[in-house]
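Chain lettering (A, B, C, D, E, F and G) follows the sequence in which the chains are written, and residue indices restart at 1 in each chain.
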Amino acid sequence: MNAFGLNIILAVAWVGFTGSVSLTGLISGFVIGYGALWLIQPLIGTSSYFRRVTAWIKLIIMFHYELIVSSLEVAFDILTPRHRARPALIEVPLDVKTDTGILLVTNLISLTPGTLSIDVSEDRKTLLVHAMFADDPDALRKSLKDGMERWVIDAVEGS
Amino acid sequence: MEFLFAITIGVLVASSVYLMLSNHLLRFIFGLVLISNAANLTIFVAGRLTDGAPPLIPEGADAPLGDIANALPQALVLTAIVIGFGLFAFAIVLVFRAWTSLNSLTPDDMRLAEPEEAHK
Amino acid sequence: MSEIIAGGLIILGGVFAVIGGLGLLRMPDVLIRMHASTKIGTLSTGLILAGCAVVFASPDIVIRAVAIMLFILLTAPIGAHMMGRSVVSTGVPLWKHEDVPQNEVEQKLMEEHDVPQVSNKS
Amino acid sequence: MDGFLGLSLEIGFLCVVGSVVLAFVRLVKGPSLQDRVVALDFMTVAIVAFCGLAAVRYATPAFLDVGLVLALVGFLATVALARFAERSTVRNRKESRDE
Amino acid sequence: MSWLLALPVVIPFLTAVFAFLTRQSPLGRWVSVGGSTVLLVASIVLMNAVLREGVIAGQMGQWPAPFGITLVADLLSAVMVLITAIVAVAVSIYAIADVDEGMERLGYHALFNMLIAGVVGAFITGDLFNLYVWFEVMLIASFGLLVLGGRPEQIDGGVKYVALNLVSTIMFLTGIGLLYGMTGTLNMADLASAVDTADQRLLTVIAVLFMIAFGVKAAVFPLFFWLPASYHTPAFAVSAVFAGLLTKVGVYALLRTFTLIFDHDTAFTHTILLWVAGLTMVVGVLGAAAQTDMRKILSFHIVSQIGYMILGLALLTPLAILGAVFYLVHHIIVKANLFLIAGVAQRIAGSTELARIGGLYKSAPFLAILFLVPAFSLAGFPPLSGFWAKFLLVKAALDDQGWIIAGIALAVGLLTIYSMTKIWAQAFWEPHPDGVEPTLSTLSSRDRAAMLVPIAGLAALTVFIGVMPDPFVEFARASAEQLLDPSAYIAAVLGDQP
Amino acid sequence: MNSIILRAGTRYLAGLLLVFSIYMTLRGHNEPGGGFIGGLTGATGFVLYAIACGTQDARAALRVLPQTIAIWGLGIALAAGLFAALFGDALFTGQWLFIGATEDDKGLPLSSVLVFDIGVYLVVFGSILTLVFAMEEEI
Amino acid sequence: MAGGFPTETRGNGLTGTVPILFAAALFAYFVSMVPTIAATDIIRVSIPWVPSLGIEFAFLVDGLSLTFSLLISGIGTLVLLYSNTYLAGHPQYARFALFLTAFMVSMLGLVLADDLILLFVFWELTTITSYMLIGFSHESKKSRRNALQALFVTGAGGLAFLAGLILLAAVSGTTSISGIIAQGDALKEHAMYLPILILLLAGTFTKSAQAPFHFWLPNAMAAPTPVSAFLHSATMVKAGIYVMARMHPAMSGTDVWLWTLTIFGAVTAIFASLLALRQTDLKQALAYTTLMALGTLTLFLGQESGYAMTAFATFLVVHSLYKASLFLVVGCIDLSTGTRETDQLAGLGRLMPITAVAAALAALSMAGFPPFLGFIGKELKYAGALAVASEPVLVAGAALLSNSLMLAVAGVVAFRPFWRGTVPSGQSPREAPWQMWAGPIILASLGALFGIYPDLLQTTLINPTVISLTGEVEEAKELKLWAGFNIPLILSIATFVLGLLIYARHVQLRALLARVFAALPNLDNGWDGFLDGFKNFAKLQTAFVQNGKLSSYLFATFLTIAAGILLTLVYTGMPFIDVDLSDVEWKHASIALLTISGAILALFTNSRIAGIAALGVVGIGIALIFIVFSAPDVAITQLLVETLIVVLVSVVMLRLPSLPKAEFRLGHAALSVAMGVAVSLTLIAVVSSPLELRLTDYFEATSWPEAYGRNIVNVILVDFRALDTFGEIAVVVIAALSAYALLRTTRKGGQS
């Protein structure tokens, strides 16, 4: 039974208490339960749970930032007559191990305009990426690894 | 509005009939999908169109507030869509089978059930 | 106030939708078009849904809007990945800028998948 | 519905429908199989946006449910077609390029 | 009361469910036989109730008509259900011998019972859209049964069958949509009065659309192509039940709607029907004359004989409707039986192609007698059921001064004789081309019983109707009266509703 | 389909679709949804599973033959209709039980109608999977 | 059959004996009725059969029907006795006896029935049973052909006959024959008299083989000889005669009746006698003399005089007796020598004396020599002919010619084989067993007996029969061997002279006739031509209509739909159409355009993927329509289904070849446009008037209060119209099971 499951149970209990069977009820229950768990943290030793939640929040925020910035970049290319794109297929080595991690990394890379995850190699070690602006592939590789992948590892695989 | 969609349905029907006549099973399937859609839409349009008011009764009310869309044709169309899907599913499998066992997708060349008479 | 915000979000979303559509239409090759459509489309939908959430301003609706966004964020990249993969593996001709020469990865793929001459016009 | 929100909704509808039209043009032009599929995929996402607009325009949250379902399952078509593209090309490379 | 009506629909569905769950074992076929038997009992009870109390109606879900779905049984519906049950029993017994384990494992019995459910539902519903649904149940089940076995000619026949029936189905659906759009109701009894206030000219257009949609189902000229293209391809049990029941549902639907709803411009609609009837009779019988395969001959004859039933509807006199109802009942029994017999011929003589078989009269005299009964009945020889059927319709035509159509009906009868004797001469009298003497003893005793008992039972029924026609004629007269004056039907459905 | 990304995504999506489909079914009586929509959505989850991981895995995950699910669904839907017989009502008459009902509030409704909708769900779910699995395997 | 009598002469055991006893019992039963009938009484029994149609199981015994019944059952007994030996040990004897007995019973039913429909039932039964009997040697192609021919010709007539009966019943208001006869002249004055007459005669003429419908009868000789004896003496062919006789009181006396029967009868009589002379096969020769007799009987029935009626009754009996006898004799000869060809038969008299005597007695009666009944019959014929009002000379001339020819034929059949020449080598004829000569002897002797004691016949049968025929208007004339020296006697003498002359010259005449008839069109060959023509026409028509091409089938179906709707629209005058575009928003228009564009793309593309995508666009367009017009449930379902369709198509397409380039077909395009216009127009007309919303109002009002649901669409689906939904999910299950079966079915053993 991990902390997340405990949190869910609390949320359901909350719904039971309030008698309001709705998604809103469930979510408020979840939030309240989260608070409660945080309070009793020393008692049950769930610190990594809270660390990860912080990492998740960071991931979500950074992702949206990236999404908007690079969207504007692509939008600019679309709206201007000349093609500014310098497309290329590049391989990025992967450190993330779990399925969930790989999914998140690739999805987030795909979702930020300018980069598109094409495939993960059979050995899960490399990711093939199509980049729209690949003037400098190495810099791109580095930014992907230090940015998106790092955040994901923190959120998903951090201990 | 109904007028507009009646014309739309006409175009759908015309296209699907042309496709179904094409002597190619895949095109026939395309035509089938189109004409099913046309039939569903016919029921929907014949039940008259109302925009922006789904047939739902709000919480706390016993009956809908104000005019809402005609619910009955919606239920009929829903039924028809699902039935149409069942028919389509069988049809597409049949087309597949036709290809694997008769090696043809042109029904006019399929002469096993009704072999061409050897002229006497 | 919320009406203004919502209206703004909706207009912005609409603008992005058009940009996405334009990108799909005028970008030079299919992968680049995907950059335009997948992400900008997602963004546009997100903005409109945000506007929607603002208008209704009820938790119920907000949750639904968020759920839609989450679903799209989860599924759209997977779809894009599948498409991109098939583009590469089936050897659809790709556009290449003369500034960026073909790298080893691309050459390897070309041989592997029998890709015809990569087009190189801008 | 009128006022600024009403206006922006009209603009929103116009833009979304416009983007669908643009996507349709791409769908017609192709040239590759993937181009058409991407266009279709784009339309699906646009419909989700359309649902959001409709929900606001008619003050009916029920339309969001349509978007909800579509957001979840819409990509299945893309996946299936992508798989088709990949597999059929293994059989006949030339053919699918011309689709 | 409503359960009397619901059970005939429910029973085959339950049977289908159980038959499917037991499909891997021999139990499945007994479930099917048992289910059909229970259906027969239920339909007898229903018939009894209808005879005692007149038209009975039941509101499903207890929602009053015309809001909910009404099941209605007048005499016609009740007898169609009863005949369906009889055919179901016969065919499910026959299937023990005819349907192999491979087909059983693929759900033959479930599909068969679903087909029966669809047929019964179509006969018993009082709601137009619900009729569409039962048509679909029947249609899709028939699709499955038609291609079960997967021989290439089945697939070929299936393609044509499916394609043309889908067109008809979609036209039917369109028609329902349009009729609803005019009248705002779907209940057939309610429609009977609702159409009075609608635009009569437009109603005629809709009527024609329905005529065409049902015409495809009924396999009338020029919409019958799917039938001769496919009916000779599936398992014999399947083609028997198709031959007996499926087209009759179309005829039933025509009878029902063109007496209850579309009776506003009979000078136009029923004149078309008269032409259709004549052409159907002639084209069908000529088609049969051109065939050399037993099942193909029989298939074309279905078309031809549908013409007779349409003739009854077209004339629209009490005697004509009486004749149509009588013909309907007679034909189901006889035609199903002939296909069953063709199956036995195939089993013991090796084919249904007339040139490739023979000698059945010499070495299988019992089969010969069993063939003669339905064959001569079909040809309209007395004292078999077919004679009365033909007699009634010809009399109706002559009474109505339809000299030409009566002449056509009689001439077609003669050509039917020709076809039946062709089968007789080539499959029974002529020696087998390979010199073998096919006998029933080549069948295992189980198969022999399973195949011959239903055949003999149906033949006995044919003879019984022929020799004792009076109760059947009386019955047909009463149901014709109900059809021509639907006030009892409407009252039973709508009660005190306007 | 040997895509790691798709398989990883499917792990979440399939479950999500299933849960979502049940949600759609249960709320159907009062808001858009219902057995059809639920069944179709649920089936989509397993279709995705089959595409991503192959039908063998999908069948293993499902444990029961899809056609059995479908036929049980039909049986359940029929049973929901037949249930009315116990109360002397006509076929498919809705039977309702309101747990904890008061003057104003109908409480938690349990009904034969819901059972019917569940039957619809199972039928649609099972049927689509029967079809898709078989097609995947034949091709 | 050649090579002598069966060694097993004890017959066929019980299967042989029982029918004989049965027939004999029937005969005895009818004999027991003779006193009643002789007292000019009638016996009528009737029980209701189909009361709802007024049809009764009614039987009438009067002079006419008793005469027939006695002949049928009497000859039937003898024929069965004969057959039991003739076909001894035949593996299918039981069937033969069954059919023959059934035939006899049908024939009895026919002549006894006092209800038109009952009569027709037996009429058709004789057709069926005779079909089985004629085709008894079913392994011979000729047998099968001739059986079909007989069935077809008499069947055709039978159907006309049925129409006639139905009209007759309708006109008379009853199906009771005695009832109709009791109505007197009403029928003759009815407007429908002529059609009824024509239809009835079509039936009787074909059944009794009047020229030109005669060709089937000689071919029916394919049947075993006893069958021929039975069919052509007292039964089958006389069924037609019987019906004309039966209807005589109600229908005779008009010009049409008179001339039709007279001409057909006379032509048939002469024509048949000539043909009879031409034959070299004994059985064929007899068959044509049967025709001649039928013609003569018809000719008599055309008249009304007492002479004619008496002549009819007498000749009926005469002919039955001698003809049955002669056929049976021929059977004996055939079995004994293995041939029936006159050229190959000679000198049998000493080896088969009893048969020879029987033959001689029968032939003398046939030839009309005194003191046989045949003589009396012939005398009456001439008397009857001379009593014909309008053209006595013509009729008498015809009678003279045919009688002479008959005499000659009698010589050829019954004299030559026995009393001339010696038995050809290779034949070892011997006398037939008693079961086979008993019949001929008894029948032939009866001819002599009645000739010598005509009163015996006169009082018992002839008088009552004439009463039946005339309805007591005319009295029977007296039967006597010596009626004085009158014109009939002179004619008789002339007959003998002419007949003997013909007999003496018959070989030359035969050659001449052969040449003449070869030049005439042969209806028997015509039959084959007719059948071939019919089959070819059927094939041609079917090849055109059912050409095996789905595209034609679809074209015809769509054409029917489009033409049906459009022509009806034109016929009814265009219904009210309201073109209202005022409430169309640009959104609606663009959604409609999107949908249309998708459809058009699907239409024109040669790329499968573009096609699927186009369908997707249409699906999206339609989903948008559902969204805009407030149908979220439907929109969701539409989108889900659309997605699944794309998935399924994309899976299946993995194995399918790509689309061929479509060629533009103007005809298809025109039909498609017509279909579209038809549907659009109708729909527009439908939505031009307001819609009654009773049902929807009810659903809206009760959805929450009574069905506890807020989503009205769902409540309709699972509650108001749950049965629809149940059927619908059944469709889904069945579709899945069917498709599954179809996918798996070709694997070995039918299962994965």
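By our rule, a contact is a pair of C-beta atoms (placed from the backbone, for glycine too) under 8 Å apart; a residue touches a chain by one contact, two chains touch by 3 or more.
Only a predicted model underlies this, so the values are computations on that prediction, with no experimental measurement involved.
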item: Contact distance in steps, from subunit A to subunit E; value: 2
item: Separation of subunit F from subunit D in steps, with touching chains one step apart; value: 1
item: Pair sharing more residue contacts (C-beta pairs) when C-D is set against A-F; value: C-D
item: Closest chain to global C-alpha mean, per-chain Cα centroids; value: E
item: Identity of the chain that, by mean CA position, is farthest from subunit A; value: G
item: Rounded Å distance between subunit D and subunit G, as computed from the means of their C-alpha atoms; value: 70
item: Length of the line joining the C-alpha centres of subunit B and subunit F, rounded to whole Å; value: 24
item: Inter-chain centre distance, subunit A versus subunit G - centres from mean C-alpha coordinates, in Å; value: 88
item: Distance between chain centroids, defined by C-alpha means - subunit A, subunit B (Å); value: 42
item: Per-residue overlap in subunit F, given as positions that touch at least 2 other chains; value: 3, 5-6, 9, 12-13, 16, 30-33, 36-37, 41, 44, 47, 51, 67, 71, 74, 78, 81, 91-92, 94, 124, 127, 131, 135, 138-139
item: Per-residue overlap in subunit G, given as positions that touch at least 2 other chains; value: 539, 543, 546, 548, 550, 554, 558, 608, 614, 628, 630, 632-633, 636-637, 640-641, 643-644, 647-648, 651-655, 679, 683, 686-687, 691, 693, 695-696, 699, 710-711, 717, 719-725, 728-740, 742-744, 746
item: Interface hub residues of subunit C, defined as touching at least two other chains; value: 22, 34, 38, 42, 60, 71, 74-76, 78, 81-82, 85, 87
item: Which chain pairs touch, all of them; value: A-C, A-F, B-D, B-E, B-F, B-G, C-D, C-F, D-F, D-G, E-F, E-G, F-G
item: List of subunit E residues in touch with subunit G within their complex; value: 13, 20, 60-61, 63, 66-69, 71, 100-103, 105-107, 110-111, 114, 117-118, 121, 125, 127, 129-130, 133-134, 136-137, 140-141, 143-145, 147-150, 159-160, 163-164, 167-168, 171, 174, 178, 181-186, 194, 198-202, 204-206, 208-209, 211-212, 215-216, 222-223, 225-226, 228-229, 268, 283, 286-291, 300, 361-362, 365, 376, 381-383, 387-388, 391, 394-395, 398-399, 406-407, 410-411, 413-414, 417-418, 421, 425, 428-431, 469-470, 473-474, 477
item: Residues of subunit G touching subunit B in the complex; value: 539, 543, 546, 548-551, 554-555, 558, 578-581, 583-584, 588-589, 592, 595-596, 599-600, 602-603, 608, 611, 614-615, 618-619, 622, 625-626, 628-634, 637-638, 641, 644-645, 648-649, 652-653, 655-657, 659-660, 662, 665, 668-669, 671-673, 675-677, 679-681, 683-684, 686-687, 691, 693, 695-696, 699-701, 703-705, 710-713, 716-717, 720-721, 724-725, 728-729, 731-732, 734-736, 738-739, 742-743, 746
item: Residue ranges of subunit C touching subunit F (in the complex, touch as defined); value: 71, 74-75, 78, 81-82, 85
item: Subunit D residues within the subunit B interface of the complex; value: 54, 57-58, 60, 62-63
item: Subunit F contact footprint on subunit E (complex, rising order); value: 2-3, 6, 10, 13-14, 16-17, 20-21, 58-62, 107, 110
